[in-house]
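Chains: A, B and C, in written order; residue numbering restarts at 1 for each.
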Amino acid sequence: MTKIFDEMWGREDALRAPYSQFGQWFEGEDPARLRAKQREAEEVFRLTGITFNVYGQAAAEERLIPFDIVPRIISGAEWKKLTRGIEQRVRAINAFLHDIYHRQEIVRAGRLPVEMIKNNEAYLPEMVGVTPPGGVYTHIVGIDLVRTGDDEFYVLEDNARTPSGVSYMLENRETMYKMFPELFSQTKVQPVSQYPRSLLRSLSACAPSCAEGTPTVAVLTPGSYNSAYFEHAFLADQMGVELVEGSDLRVVDGRVAMRTTQGYKPIDVIYRRIDDDFIDPLTFNPESALGVPGIMDVYRAGNIAIANAPGTGIADDKAIYSYMPEIVEFYTGEKAILQNVPTWRCNDPESLKYVLDNLDELVVKEVHGSGGYGMLIGPTASKKELAEFRKKLEAKPGNYIAQPTLSLSTVPIMTKAGLAPRHVDLRPFVLVSPEGVNITPGGLTRVALKKGSLVVNSSQGGGTKDTWVLED
Amino acid sequence: MRLKIAHETRYSFSEPVRYGLQQMRKTPKSYRNQKVVSWETSVIGGKKELQYEDQHRNTVELISITPGETELLLRSEGEVELEETNGVIGPHESLTPLWLFDRQTPQTKPGPHVRELARSLHGREGLDQLHALMSAVAKAVKYTAGASASDWSAEKVMEAGKGVCSDQAHVFISAARLLGHPARYVSGYLMLDDRQSQEAMHGWAEAHVDALGWVGFDVSNDQSPDTRYVRVATGLDYAGAAPVTGTRTGGEEESLSVAIEVAQQMSQSQEQ
Amino acid sequence: MLGKTAGGLFWMYRYLERAENITRMIETGQRIALTRNQENDDEWASVLQTASVDLGYFEKYDELSKDTVIDWMLRDKDNASSVMSAVEAARNNARQVRGALTHETWEAMNGCWMRLKELLKRKVNERDLPQALGLIRQRTALVRGATHGTLLRNDIYDFARIGTFLERADNTGRILDVKYYVLLPSANAVGSQLDNVQWETILRSVSGESGIRMVYGHNPTPRDIAAFLILDGRMPRSLYFCAKKLQDNLGYLAHDYGETATSHDLAVQLGKRLKERSIDEIFDIGLHEFIQEILIALGELSRQIEVDYRFYE
């Protein structure tokens, strides 16, 4: 087996160019001071309230996502190449969503089997024929990338519903500025702090025609017990817009309006952080107490923009993911620049057989799962876990896809014993508006803190790092 | 034939309503064999917030109840001109793809009983199979007012062996989909031969056959719709075509009275 | 501003004020216990009563003891008006309205909560009590300082102030309500001295012991104390002072919003009621009845503010 690619040291223990200045600086630092800084950083996070609630744990429990002070560094040239691929992919996703909710040409052309859509709950019949204001479906996209070598990046998954984590991208950078100002005067790192402004601008550009003057934007949160509440509050605050809950909203004069101290005021664009199913009890789940009754009616009458549009989940469904190369080619006429991880769809009997035969070498994921739940990592699974998963696969093969275990790149983290390599992934954040695609240089680097672990999800013991894109 | 329809729904609340919405699909569709000559909706105690056409080309109106009101009166009336087509609606013309009508919903969800019913019709084909299905459902599910609950699935209805028109339609749709026919629910008005006044709208099913397109099947009357049937809304099931879906806060107890009149409108020449 | 946000600010500052008031009452109890060498803990009953947390206490405990009283008032989760409960509620409200607060204010509030949560994780023993109370004072003062130093003087600040002064007026009113009898002329007639425990409890509970000396000298009468706490416009915890502030801040809101709300009229009436009466007239009406009337008016005002500014759906 070849040696794992480390982004700081390469495969041959030679400091890679993007890390040269950081490496020099690090050499001259006292490890004890750095560890103290690490603790200081955590204190900053606590005080600022950058915490999350773990699902299934006591509601009052607020936890920190561990932050590692060693930045993940990407050269400007590497980034440029990535952004071309990301932009192509995001444009294709939007074109796909428009098509699949209108004439379904891709299905008619036989490039995507109708079975992938027909009984897929992420495909919302209520969105058929609806063209969102501005024509944008996924205003905010997070593309999860992994790296396996100098020039090898793969898309692990697309997040086209309500990707989270952008607040960490911003706060990690702020914390690094506070901790190590000297580093930033030596190394030219592309800023990320413009993100909230870009987001507001991007959302405002999608306002419906009934908006008068400067569009009114609001962030819709399920409430302060939601695991990502901090991020919702943070983004509203940074954009200077209201953070609303379903109980603040009503339909007034054919529009969605928020209850202010001076009466109801209409909203033009709503950045919702509530899942499709819960967004409107009149149209979707009638049990939902979080949503806004009638918002879908207002939406379909063209009187509000919802970001992201309902029904975008059909584009990031794990079964659809395996068709992304076809989707990119169908809508852009070009080969996909970013590679997909080879994927076996277990509803195909031959694939299922292969997967079952090679279970201990593969990663198996639930088609509709997220957050690292319901996932099997073959090489590290116990015999018992493998046997249990085998049963699940045989019972409902259509629920699963499988991928080879990639040897994810590592980036060092600061441990008591000094630097130690840990596996990472990368989620860049992409904004889409009628004005174009905007990719913030950087993103969220998640790191598996446990030695050898490949699971980077914060709910499963992952941490985060500041992600630097250099000005070359 | 021209039908004149008046539909009045009165909601009374024991306490003032603080906030309430009604999503209505009550406006008949215009299409090849059915022409809406006039149609008007009026609201007392509330307000029409907006209107749009949904993915099945249903006209949807959103009504808000005026905060503080204890009564909401919705009245729609108009005239519809119908042409006899023996239940044939025609080719599928909609952005909603035909294959989506294969999708079972919570209300049409089949189980062993529905599957068995579908199996009993193997060996037949196309329109013939669907007519046989209609009769089979009529036999298996006896029309019984008040026998079912609105959240019953097709399977549950089959188990009970009784239900109202929407239950019978759900069983038909569920089995038709199993047999490979795209199928949908239709809510509408039916002129009765013996009286004008009714207390509820009617509901039936439509299935798609290659040669003819959509064809209607009314299990409750074991026949395909004729010119006494006015199509109002269609959906994957009752919930998707429901005349009213509502939500409110305040108001407490609600009582409802519905008055529907469907009558043939004599043309001028006939009157003379 | 969202109605919910206005409500969140109102309650955040009400709870913050409450936390400070309760802390002050514990200090009062402690101080009185130290200066009077009594064998039993009876004076703590008076403290519990003054803080209006006596009913809850006796539901939970059969006996009165200094330790359990302090614990009840300081950190008991079952007591919605314990210092910890109030700080937690203030912080939860702050979390809801974060966007309306400056970073300094939020961090001061969050820092206060974090520090007190740690401090009050375990029972505080008597030896550490002064230090603990000092820390609570300091941490809540930081929130107030950040508020005064950084918040814009707009509707955000108005709702913060309205919450503060409603709670404060209510607090002073309740103290007078449960202790009115010691201020009655008849109580004085039997010739009790100024070092009446009850009087001291009252004055210390509203940080009025040095203020009253400046105004009335060393031997204030019960009538002086009542006048000081009800009518004195210089005393920042007097009913009149609070009413005036409520009137001011509701007035600013009316000005900014271009619409005078019913609650503003109520606040004006409240101010008038306090301004147009002398302390003798109040005693003529009946101190108890008068205080009751004011408390009811404060409750009405609070409810009307909720309605006027759409705190709830």
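Here is the rule we go by: a contact is a pair of C-beta atoms (placed from the backbone, for glycine too) under 8 Å apart; a residue touches a chain by one contact, two chains touch by 3 or more.
What you see is a predicted model, and the numbers here were worked out from it, not measured in a lab.
Contacts between chains leave no pair untouched here, as each chain touches all the others.
Set against the C-alpha centre of subunit C, every other chain centre is closer than that of B. The pair of chains sharing the greatest count of C-beta contacts is A-B. Mean C-alpha position of subunit B lies 62 Å from that of subunit C. Per-chain Cα centroids separate subunit A from subunit C by 47 Å.
Averaged C-alpha coordinates put the centre of subunit A at 42 Å from the centre of subunit B. The multi-chain contact residues of subunit C, meaning those touching 2 or more other chains, are 313. Shown for subunit B are the residues that touch two or more other chains, namely 19. Subunit B contributes residues 19, 21, 23, 49-55, 60, 62, 64, 95-97, 99-100, 102-104, 236, 240, 245-247 to its touches with subunit A in the complex. Every residue of subunit C that touches subunit B in the complex is listed here, in rising order: 313. Note for the complex: subunit A touches subunit B at residues 101-104, 107, 114, 117-119, 125-130, 250-254, 281-283, 286, 293-294, 297-298, 300-303.
Of all residues in subunit C, only 1-6, 92, 95-96, 98-99, 103, 106-107, 110-111, 114, 155, 253, 257, 259, 309-310, 313 touch subunit A in the complex they form.
The touching residues of subunit A, when paired with subunit C in their complex, are 46-49, 224, 229, 233, 236-237, 242-245, 247-248, 258-263.
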